[in-house]
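Here's the structure we're looking at; comments come further down.
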Amino acid sequence: MTECIKQRWRRGEVTLGAWLMVPSALSAEILSKSGFDWVLVDMQHGCMDYETAVNMIRAIDLSGAMPVVRVPWNEPGIIGRMLDAGAMAIVAPMIEGVEDARRLVQACRYPPAGRRSLGPTRVGARDGMGYVATANDRVCVIPMIETASALEAVEDIAAVEGVDALLVGPFDLSFALGLQPNDNDGKPVFDAAIARINAAARARGIASAVFSTAALAPLRASQGFQMISVITDASAIGMAGAQSLAAARAGIEGASDHA
Amino acid sequence: MTECIKQRWRRGEVTLGAWLMVPSALSAEILSKSGFDWVLVDMQHGCMDYETAVNMIRAIDLSGAMPVVRVPWNEPGIIGRMLDAGAMAIVAPMIEGVEDARRLVQACRYPPAGRRSLGPTRVGARDGMGYVATANDRVCVIPMIETASALEAVEDIAAVEGVDALLVGPFDLSFALGLQPNDNDGKPVFDAAIARINAAARARGIASAVFSTAALAPLRASQGFQMISVITDASAIGMAGAQSLAAARAGIEGASDHA
Amino acid sequence: MTECIKQRWRRGEVTLGAWLMVPSALSAEILSKSGFDWVLVDMQHGCMDYETAVNMIRAIDLSGAMPVVRVPWNEPGIIGRMLDAGAMAIVAPMIEGVEDARRLVQACRYPPAGRRSLGPTRVGARDGMGYVATANDRVCVIPMIETASALEAVEDIAAVEGVDALLVGPFDLSFALGLQPNDNDGKPVFDAAIARINAAARARGIASAVFSTAALAPLRASQGFQMISVITDASAIGMAGAQSLAAARAGIEGASDHA
Amino acid sequence: MTECIKQRWRRGEVTLGAWLMVPSALSAEILSKSGFDWVLVDMQHGCMDYETAVNMIRAIDLSGAMPVVRVPWNEPGIIGRMLDAGAMAIVAPMIEGVEDARRLVQACRYPPAGRRSLGPTRVGARDGMGYVATANDRVCVIPMIETASALEAVEDIAAVEGVDALLVGPFDLSFALGLQPNDNDGKPVFDAAIARINAAARARGIASAVFSTAALAPLRASQGFQMISVITDASAIGMAGAQSLAAARAGIEGASDHA
Amino acid sequence: MTECIKQRWRRGEVTLGAWLMVPSALSAEILSKSGFDWVLVDMQHGCMDYETAVNMIRAIDLSGAMPVVRVPWNEPGIIGRMLDAGAMAIVAPMIEGVEDARRLVQACRYPPAGRRSLGPTRVGARDGMGYVATANDRVCVIPMIETASALEAVEDIAAVEGVDALLVGPFDLSFALGLQPNDNDGKPVFDAAIARINAAARARGIASAVFSTAALAPLRASQGFQMISVITDASAIGMAGAQSLAAARAGIEGASDHA
Amino acid sequence: MTECIKQRWRRGEVTLGAWLMVPSALSAEILSKSGFDWVLVDMQHGCMDYETAVNMIRAIDLSGAMPVVRVPWNEPGIIGRMLDAGAMAIVAPMIEGVEDARRLVQACRYPPAGRRSLGPTRVGARDGMGYVATANDRVCVIPMIETASALEAVEDIAAVEGVDALLVGPFDLSFALGLQPNDNDGKPVFDAAIARINAAARARGIASAVFSTAALAPLRASQGFQMISVITDASAIGMAGAQSLAAARAGIEGASDHA
């Protein structure tokens, strides 16, 4: 059993991850093999059904990265299913406050810590009998901080027993702050929000996490984030397509200009 | 109905394409939207079943690119199914000689030019009633030249009635030439093979095609290739994963070194 | 970008559509190609999962019809996923009143108009960068009026900011009115309900919509409905099967009677 | 166990069937429930993969109709798989002569009558232990007569031990006869071919079969065909879409003309 | 139409069932054919999506067993979809009290008994026109009693109009009782809970049900349970794998010891 | 990289395996985790498509067992695809003689040893860059000996360069010998065939393999087989269903008899 990512966070390490939108275990396997610390299957804005997601988690498992799942909504049915599939962290979007965070924790923890139902069908095949006893310790519960109300309550959310990290979606957070959806670094209201979230996490000894890019990762790490995504499969494909086509065209035209 | 790619080849144009290994219409759609002239669904070395391939062809159709399919083998059953699905070009691997090329043409053409069976279920939904009358003219038949025996017979293969282009797989061709599987430009035996294939195509007024990269595309175009792939979804994901992770790590370490 | 259907409604046009129950992009493509103004993927009473639904939306997109999705329940997770997939209208069943309608609008609109989360993975591949800026204007929000409480509140529901049309399910509405589930035209309570819904829509300048048949479409249009379904794939198959079998049997027996 | 269709043919009965192109067990189930004697899953011009086809066969089994499969090619691998899935008749396209017909029989019969490999995984679950002992008697072997060479050899093909019926694809047969792909009744060369095939079948006491429509079924029955398809799911959907849309538009326009 | 299971329960019969976790209609068909009275598709702890579940229900239908579905959560969207697919009983997990049970009944019954929406697409294909009229009588509504609060309210839950049985999940119930998740027979608090649930059911003339094993079935029957599961596909595979491997190894080693 | 199974065979070890018919990565994972040396995905008599098979291979990879695939036919297209998916051994059915065995080897080996085409998309993601260089050494080529002609040529087949093992299908072999399909131990013609095959393998220093059961494994090992299957998922489910149902019924009836 590999070391739990929470221990790495406690030691101050920054962990880097990839984000999966494409419903395919092949792309999941190829991307996971790059050496990420964690890989996230996005059931909210990605295009996969449950069966595909389970196959993607197997592909992530093969790489040694930690499988993370973002659920489409803070709803105990889908949360339980993703945990049974082997997700070792659950990211829940559009949390509005402490009550949402508590329900998220309840859905992720076996009694007495929570109300998760027992039936680790696939994850039991992967991890064996020891899974149930250690799941409450090892599974990470990660509410997103991306709404105005969540930002207002971020210190209280960070204090909810069982919350392990706070994840920032910069685009939705920008929306919530009245900005255009983007990384809005340099805009005071955005920077202040980022700082407040990190401060809230540090005050409670939990991690902060962020959807990001390779280019922004150093900034995010310097802001205190310890769980930083640097690529998505969809953006990798989109950018590679545009760049390779442009490069090939330019190269061919350049060559024929010289001819 | 868009202009047939054969006319662009006859005018001397170089057409650029993308190669799909990942069994997903989402990645197919994202990559196709980059603006490629054609996009190939690889049923030989890719990981998709037929139903997924049909969905990928729909995604390609939405982009306006020409859908091409490489079949796993020169077998009339699968060739007919891919044409019925809307493929406008069929690439067949491991052709050994004239006889194979003739069987390939037979499988791609309706009578009297060939023996393709009538039943354009999906492509008829896409193109309507006119499809059958124009299919023999519009569908491209593309044998691969990647075995020693095909290279020996390349002039005769190019002369087979109905062959529209010759596609080079540089890795298998290298194998056939006793080289390591790679782009072996600069090695005389490889360069000679490339030249011979292009000469054979030009002599018959048909196109030559090649599996390639953006970096090599100018060289390939200068060698006479008019159908050049510049990216695959699998390599896009693999490279983006490795590069983004390395860049993020370097950036974070650099930042902490300065701190 | 095609004209938004709302503008057609504002001009008084009647738009006709098809309804998809069968989990297949092929049947979706064949039916869409008939020339409907809109085609609805029914995630409530149809049999498709999300991945299949996305493939069906691609098939609808190829036809030029507007893709509509009926979600299984007024739940923001699935609504967001269907919008990200490219649905340009969301129909939500079993709305009970103003509060439900408001939550539906919130789930369909980006801030500040609502709380939809940003991540247009597939629809961004289809529509490009302009999607986000125009989505709030273009996406239609359509609560169903099919419960007793919704009928009681129909004027208030029509007045909810962001509601674009009211859709009547005649079978469930009949149930709610104490009738057998059917088109109950001629029964005063049913006709009155239909009239009230249309009046509520017209009073607010929004459209009314109805699940219907080709035979009933003229009546529905005369009642003021501007979004009328005329066929479902399931009923097309069921009726064609029964009719063709009966016709063939009758023809064969008739022929042998004459023999 | 229901009566074998061969016994019905021997009694002179005409059996009517439906043809499935759409990859969905739902459409298969709806269409099968109409009461057809047999329902064919078309792996040649339909769009389904094997797993979907197996699910479609289950849907057909639920209706009591006999499941038939047309394979994409006369290849023993796929024939064996479809028989293991529960197909009770195999239709093979593009047969060229006696040798092809013999190989088809070999692929469909257990030793000593043929070379089918034992492993009735799914059909054994359906039919139990008795399946293997009765399969050679019950499974129908049906070569298609649709090429010029098959037509020339039709008497010999009909005489091949184990052939149970000859199936005519009128479109491909027309192609083979130099006609446009269609039902070409009235054209002497077409009518003569139909007559010859029926005569060949009758001479050997086997059945003749034909892809057809409800409208043509009486003619086909009068020509001697005993296995006649009257509808396909794809055409049912396509025609219903076009007709319902036209009817609705006409009705609405008519109504507004009167207004 | 087979006799409704409720009548068998009223006569005091014990019905035995199988539990499906594996997303496959083949394993469902093989297991169902063993002769169970009912077979449950577990959408909570099993790994299947909706389309797969529908195919599994068809496989169960072929066997004559009653198809039961456990939904992932007490949510009307998924409950309606499973009923439309042909489930004849709905098991809902993690019920907390009377309010939850009432909402469950509402989701399972057509008006006026409940609020189920009409649209029996697949089940209508299976059962024909009579389905809607009899569904409220035939469909079983089965809340689970596995939380502390449900146990406290079990007499009231049993009294909710429309509840047909109470299902005990011994593992989650043990968790709720502060025990390790297991069959905890012999522990007074566990035995008392079992007795209380059975007494509550009997007092209202409804059945009690339990997730169990073949070994425990006699005890469970003696406790009053009338719906008892005796096997799951996942445990069948897991146990057979371990046992066959151990037996083979032991046999081989024993044989070589004797050599 | 784990030790190649060929080395274990050379040391005289007996390796035990499981056989997969059910199209599901979950059942594959559960069964593989039992500790088998190898697990076979049966594309001949099992019910999985390619995409499912790839997911099953990932599940096997997670267990550390060697993934083996039986292809539906000795056809280079499907063989290449299964190798690209990560199969480390290919079993080919219905081999008729030396020529078939040579074609099988050709399809499994990269040049110059064979004609396998380069494109290890998925297996390259699993094994990295070293895969291509070692594949010819590590991949096992296993023709089946189950036809009369193959038995007659077994010594020559064993001598074909590149053949690594001979696999016996006792049921088809029995058919070929004129016996009922079964394990026919004790019948002289069957025992002689088994002995001949093992002798042929030993004479060439290659392994012999057999489809078997746990009960027969000791006999098979004593006959010289070194690759023995002891369970299939389908039989595990079928037997567990029948046994658990019988046991539960007997237990319940026994208990009520005592009451």
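In order of appearance the chains are A, B, C, D, E and F, and numbering begins at 1 in each one.
Going forward, a residue touches a chain if its C-beta (ideal position, glycine included) is under 8 Å from a C-beta of that chain, and two chains touch if they have at least 3 such contacts.
Fair warning: this is a prediction, and the values are worked out from it, not measured in the lab.
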item	value
Identified repeat of the B-F interface (over half of residue pairs identical), from A-F, C-D or D-F	D-F
Chain centre separation (chain B, chain E; CA means) in Å	51
Geometric centre distance via CA averages, chain E-chain C, whole Å	35
Multi-chain contact residues (two or more partners), chain A	21, 23, 26, 30, 33, 47, 49, 54, 75, 78, 121-122, 125, 234, 238
Category of the chain touch graph - line, ring, star, complete, other	other
Listing of all chain pairs that touch each other, if any do	A-B, A-C, A-E, A-F, B-C, B-D, B-F, C-D, C-E, D-E, D-F, E-F
Contacting residues of chain C [partner chain D, same complex]	14, 16, 18, 21-24, 26-27, 30-31, 33-36, 47, 213-215, 217-219, 221-222, 228, 230-231, 233-245, 247-249, 251-252, 254-256, 259
Complex contacts: residues of chain F adjacent to chain B	49-51, 54, 75-78, 80-81, 84-85, 110-112, 115, 117-122, 125, 132
Touching residues (chain side chain E, partner chain A) in the complex	21, 23, 42, 44-49, 52, 71-73, 75, 78, 93-94, 146-147, 169, 171-172, 175-176, 178, 181, 234, 238
Interface residues, chain C side, partner chain B - complex	25-26, 29-30, 33, 54-55, 58-59, 61-62, 121-122, 125-126, 128
